[in-house]
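In the two complexes that follow, chain A is the common piece, with chain B as its partner first and chain C second.
So, the complex of A and B:
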């Protein structure tokens, strides 16, 4: 998966406009962000990368870039 | 109480509640047919079981074609079955917006359909002991109470509980009893570990504080299944036994 595809997937599941997310986007600033939003991102990462994140991981994931680093550069095309 | 000479099928036997049930049932004298996905774990379990002549088959319960042939083959070796514990189950924690039809299908296939399909095969092919038998479905307290982010799982467990009740009426004339067990959070299982990871260490502490007697262990559920399989429960059918350390009492 390309990074841009991840942004689009997250935007789609969180009902945001396509193109509204980029590396610098702060997760907690996303409109309507709540605990279910964390579950949405965990599910996306699990289903597309086979990586199981925990809620505790999100204490250090502030931005989309932090999320990418957690996933690992080697897992992106 | 014992299970001497009883032939019992256990699904989901390669781990958790299924594994604990297999160990206990064998200890109590039963001859077992074990189903599970992980062949290595089933082989290891077989080595730990008391008694001999147990059989196993490793396959995915979503492959229903294999299910029928596996049961018939085992019947040819073991003879008529006296009981079933349907412990196989899958669970995914996710919000409503991601719980699509495919998610429902996956969880219903294993949690609900496979268990009832085993009953259908055994009944249709007359593979039950004609003197009577006992079926135990492992459900969940989330089939009784609500829980967030587990819609498909809780709905599937509710289906197991109500389906077991209906089946208990239909099969009573064949002297087959049908019950379900609804455990609370079960310590140390893959499923529970997955839920803990999804949430947080703080959530685990909070959850445990909501159980007056603490989280359940696999052996607690196995003990209940043993009772329901044994002749000591011969007049108990159509019930849902809650094994939850008091969670639902609040």
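So, the complex of A and C:
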């Protein structure tokens, strides 16, 4: 998966406009962010990368870039 | 199968909850989580009361003289002692030569209750078990806990379990107590008594709770669920010597539509065989599975002879599954 595809997937699942997210986007500042949004991100990462994020992971993930690093550069094209 | 449920008369819609929490986007919640309404007990109404009402409905179809064991699942007991099941025996006018006990489990409670009942029947200790699951998490919630007030509802269900009316297959039962802190009411028992000066704290996005109230680490419970439940379902099918495609219907603990849909896709279960039934009730903890099962029977979604996998998971952490034959 390309990074841009990940941004589009997250935007789609969180009902945001395509193109509204980039590496610097802060998760907790995303419009409408709530407890469910974390679960949405967890499912996207689990389904597309086979990685099950823990609740603790989200204490160190602030931005989309942090999320990419947690997924690992080797998992992106 | 003799199964009945009871929901408290008082209910609370998302629109009513949104008046209490004006910043809450109830439409997105409804779309994602699938809950529109939940039933809440009155201040002076308890799990025992609603459990009794569900049992009275079930016993309208069965000779109560024949009940020789009562199992009552609740985490909202009337008293530390005696056990609520003893009071229920008296209230229902059951025989005195009837065993009765409570057991304390949450969302896995119905599956565990069927396992206990099966053991009692197989050993000849009992012949007709009244299995009651009754829960009132509303009593554990902080008034400012928006997300959990939206998710949880109160409810009860009663099942007559015997060798004639219901086939109960093999079980897969699991426990991981290292996750106890992820869903917990810390204060109020003997480890840490209720603290009258307890401090409220905020968690998640704008939810308030305290150590005197229920705390749920939603992401952690979700992680547990998507990690453990697919394997549980496969193991349960294997123990029952069935392929997943041979199972007629799946009823998982009705926690959250978003989570259930994700699990369904991950396990590759057809939508037509998979129950989503929480819109009017919310997550009623140990009562979700029998309430959903009764609704599925009433709608004709399942019929006599069907093989139904029941999957419970949650607080403990505790998870289990079995296959019943209607």
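As a working rule, the second predicted complex is superposed on the first by the 77 of 77 C-alpha atoms of A that agree within 3 Å, B and C clash if a C-alpha of one lies under 4 Å from a C-alpha of the other, contacts with A are read in each partner's own complex, and residues count from 1 in each chain.
Here is the rule we use: a contact is a pair of C-beta atoms (placed from the backbone, for glycine too) under 8 Å apart; a residue touches a chain by one contact, two chains touch by 3 or more.
In this text the structure is predicted, and so the values were computed from the model without any measurement.
In the superposition on chain A, contact is made by A:54 with both chain B and chain C.
Counting the residues of chain A touched by each of chain B and chain C gives the higher count for C. When the shared chain is aligned, chain B and chain C each come close enough to touch A:39. In the three-chain superposition model, chain A touches both chain B and chain C at residues 36, 39-40, 42-43, 52, 54-55.
Remark: chain C residues 25, 28-29, 32-33, 147, 182, 204-207, 217-220, 222-223, 226-227, 258-259, 262, 265-266 touch chain A in the complex.
Those residues of chain B that touch chain A in the complex are listed here as 92-95, 97-98, 149, 194, 196-201, 203. Taken together, the chain A residues at the contact with chain B in this complex read 13, 36, 39-40, 42-43, 52, 54-56. Against chain C, in their complex, chain A makes its touches with residues 15, 32-36, 38-40, 42-43, 46-47, 52-55, 58.
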